[in-house]
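What follows is a set of structures to go through.
What follows is a pair of complexes built around subunit A, which joins subunit B in one and subunit C in the other.
Here is the complex of A and B:
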């Protein structure tokens, strides 16, 4: 019950933010929505299945470049078509990559994903006639549900229709992911994380399910990336650099990778804190590095872990299931 | 044509010598502690920045310009003192999940990035004209700065030295035994903590030395460490995680391929390297010289 009340409150707050008149923070919240979608997927892979990807920015970049490519090169501006294309592209790219990566676990899985991520980054950087090289590509304003909103001022578009569009996508994405992790499929993934040998013995086809998890997380990352495109207006290869993948894992860990809502909290805290720090000092990475170290050493359960461990075990189990 | 090829080859080998030093540090730590230390790139960058400062101080003191190499080596070796500090930080996670170990080294990378920015700023720094102070060797159209040859020689000497230490000394035997089976070594009386500190410090020194030695030929850049990490990563994957011989061969492959790609088809520079890395991981995950994973 408590969980639903909290969720209702959070949703109400999210819907109310654009009305408060803080345009800057409203636009910052758009990035949060995009990253939250990416992290929902990453957490399925990292938190639930136990595979640490150090190349997930590949799929985020794939989604973002899909938006840029479709809007500014092919003139396809329908956001729904863009999202669908991003999902298809993610499946097409992730299917062979995932099939190779899931043959390994632990550090080798991380290294292989890192290599694929950097391969994509080099491709974006070097094949500039296709991708615009280090300058990247412009993202034109998409049509939302077929409505052409190009007459609106940029800010009004972002904090108005686009904001609510993103909220809707995130809510759907969260709902679908919730269904997934509470289904038998989600249980199998957790079984694989806890003990792959035992899971295999119980009839779970470990590699196949790892592959599914990889595909789903890639689709989520691509959707998040596609949503991020119009928010930032310009995509560049930096989105897919290996440090970006590191930040994604950092956000997941920050919120608490064992919890369903952990990554969302992590993304929120990361984005707002980064913004606040950058406006004060140019050395935000020093603070974030120290934060990550403290997190790894003293609170590997993340912020949600800290919040829930004060109250009894019961709440923890509610949060995990 | 031939002279061009030799030039490309020599610049590739120069880069390989530097890559070997950093990758050897990475391998040593991975072999013994089983931690993939992303911070090896930060050690490299730190060595480069400190190298520039050391050389500038050296010149300002009025010491002979020809001996600037001593300042560089001194800087690289002295920086090894940060090794025990980082090792102390990492020792908390020795028994923990690999993901956490990797993330902790990532945290160190982030902190180092900004510390270096804080100290040295973001503008490129270089040692200016000292690079060519030893002159160039010119033979049949091939022109190589003597400094490059000296660094290549230094790389060879360090590789031989490391090989000799690992194969013939008591310390080397302890390192190899610990890499092979740490419980057994501990049971036989090896002080694991002491070995870890020494190994990590040695690994750090190889990285900082690599950074210090590269700097006369180039200039410091912000993010140079972050960029080198992925190159060193490619080297160790190709050569095989934890293998010294692998670091040497991997560095040669990556260094020479990069040089060839840059001079023929620059678009493919890193693409080729990552394709090879992926190919190796898929076909032979233990790398060219690694032990098959148990």
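Here is the complex of A and C:
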């Protein structure tokens, strides 16, 4: 019950933000929606299946470049078509990469995903005529549900229709992910994380289900990336650099990878904190580094772990399973 | 013949862990494999369950060649196993552990959007197994917090929840206190009967248990079968008594019967 009340309050706040008149923070929240979608997927792989990917920025970048490519090269501006294309592209790219990566676990899986991420980064950088090289590509304003809103000023578009569009997509993505993790499929992923040998002995096709988790998480990352495109207006290879993958992992750890909503909280705190720190000190990365160290040592369950552990184990169990 | 192994050999370099082992288990049989440490018992069970590929020889389940097919496919074909060391999912609850097995048996893993909590069939089967294994009050406990004996039971229970026709138990009472051993065995035998498990093959060190519950005993020594027969016959076999039973310093007791 408490969970529902909290969720309702959060949703109400999110819907109210654009009305407060803080345009800057409203636009910052758009990044949160995009990253939250990416992290929902990353955590299916990391928190639920136990595979830590250090190359998820690849799929984020894939989604972002899909938006750029479709809008500015092919003139396809329907956001729904863009999202669908990003999902299909993610499956096509993730299928072979995933099939190879899930043959390995732990650090080997992490290194392989990192390697593929770097390959994609180099591809974006070097294939200038396709990707615009280090200058990247422009993202034109998409049509939302077929409505052409190019007449609106940029800010009004972002804090108005686009904002609510992203809220809707995130709510749907969260709902779908919730169904996934509470289904027999989700239970099998957790079983694989806990003990792959035992899972296999109980008839779970471990490698195949790891691959499914990889595909789904890639699709989520690509959708998040596609949503990010119009927010930033210009995509460049930096989106897929390995530090970006590192930030994704950091956000997940910050919020708490053992919780369904942990990564979302992590994304929120990270984005706002990064913004605040960047305007205050030039070495904001130093602060984040120190935070990460403290987090791993003293709060391995992340912020949500800290918040819920005081209120007893019951809420924790609701969150985990 | 439910399970059959023909001339199984497994070598590690020069070392012959198994050397021409041939055995068979009929429907309705409870067979124990005994032997001193290093006799090849664990290798045998790992070969039978497809975890290891034998160097030579074949394994058949109900006439179907299952040599080296791997534990996952075997589970789907009707043969399950439990492990010597407790292998559970430490972070899952007792109910969840059993649900993994039940959903596997019912082929529900690819139900991406079905609600597990509302699946009455899965729930009913999982609780039924929990009741057979005396775990019903502990359904919501996280497996890692269970006492050692219950962990062992849960491990075996999850294998039973697959409702296999043949089950292989690798030392089902290891790590269980002497007083509890017979309780565990009684639970096992009763559960097997209730769940329609037709054949049981166990590896066991405790001679009380072996001689008390088995229909047939297979004694391994240095990778070969030393004897294969009823408890009575093995009791009268001087080699077995000297090399296998005596080795463990425990006389077989006939105090109990299954």
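In this text, the second predicted complex is superposed on the first by the 321 of 321 C-alpha atoms of A that agree within 3 Å, B and C clash if a C-alpha of one lies under 4 Å from a C-alpha of the other, contacts with A are read in each partner's own complex, and residues count from 1 in each chain.
We take it that a residue touches a chain if its C-beta (ideal position, glycine included) is under 8 Å from a C-beta of that chain, and two chains touch if they have at least 3 such contacts.
Just so you know, these numbers come straight off a predicted model, no measurement behind them.
In the overlay built on the shared chain, the residue A:84 is in contact with neither subunit B nor subunit C.
Look at A:106: by the touch rule set out above, it reaches subunit B but stays clear of subunit C.
In the superposition on chain A, contact is made by A:300 with subunit B only, not with subunit C.
Judged by the touch definition given at the top, the superposed model places A:269 against neither subunit B nor subunit C. In the superposition on chain A, A:180 makes contact with subunit C only, not with subunit B.
Contacts of A:149 after superposition: neither subunit B nor subunit C is touched. When the two complexes are superposed, the chain touching more residues of subunit A, out of subunit B and subunit C, is B. Legend: residue contacts after superposition of the two complexes on their common chain; A:285 is shown touching subunit B, with no touch to subunit C. Contacts of A:250 after superposition on the shared chain: subunit B is touched, whereas subunit C is not. Residues of subunit B touching subunit A in their complex: 36, 89, 92-93, 96-100, 102-104, 106-115, 117-118, 226, 229-230, 233-234, 237, 241, 266-271, 274-275, 277-278, 281-282, 285, 293. By the touch criterion stated above, subunit A contacts subunit B in their complex at residues 46, 52, 54, 100, 103-104, 106-108, 110-112, 114-116, 118-119, 122-123, 126-127, 242-243, 246, 249-250, 253, 282-286, 288-293, 296-297, 300.
Contact residues of subunit A toward subunit C in the complex are 176, 179-180, 182-188, 190-191, 193-195, 197-206, 209, 321.
Looking at the complex, you find that subunit C touches subunit A at residues 49, 70-72, 75-76, 80-81, 83, 87-93, 96-97, 99-101, 103-105, 108-117, 119, 122, 155, 158-159, 162.
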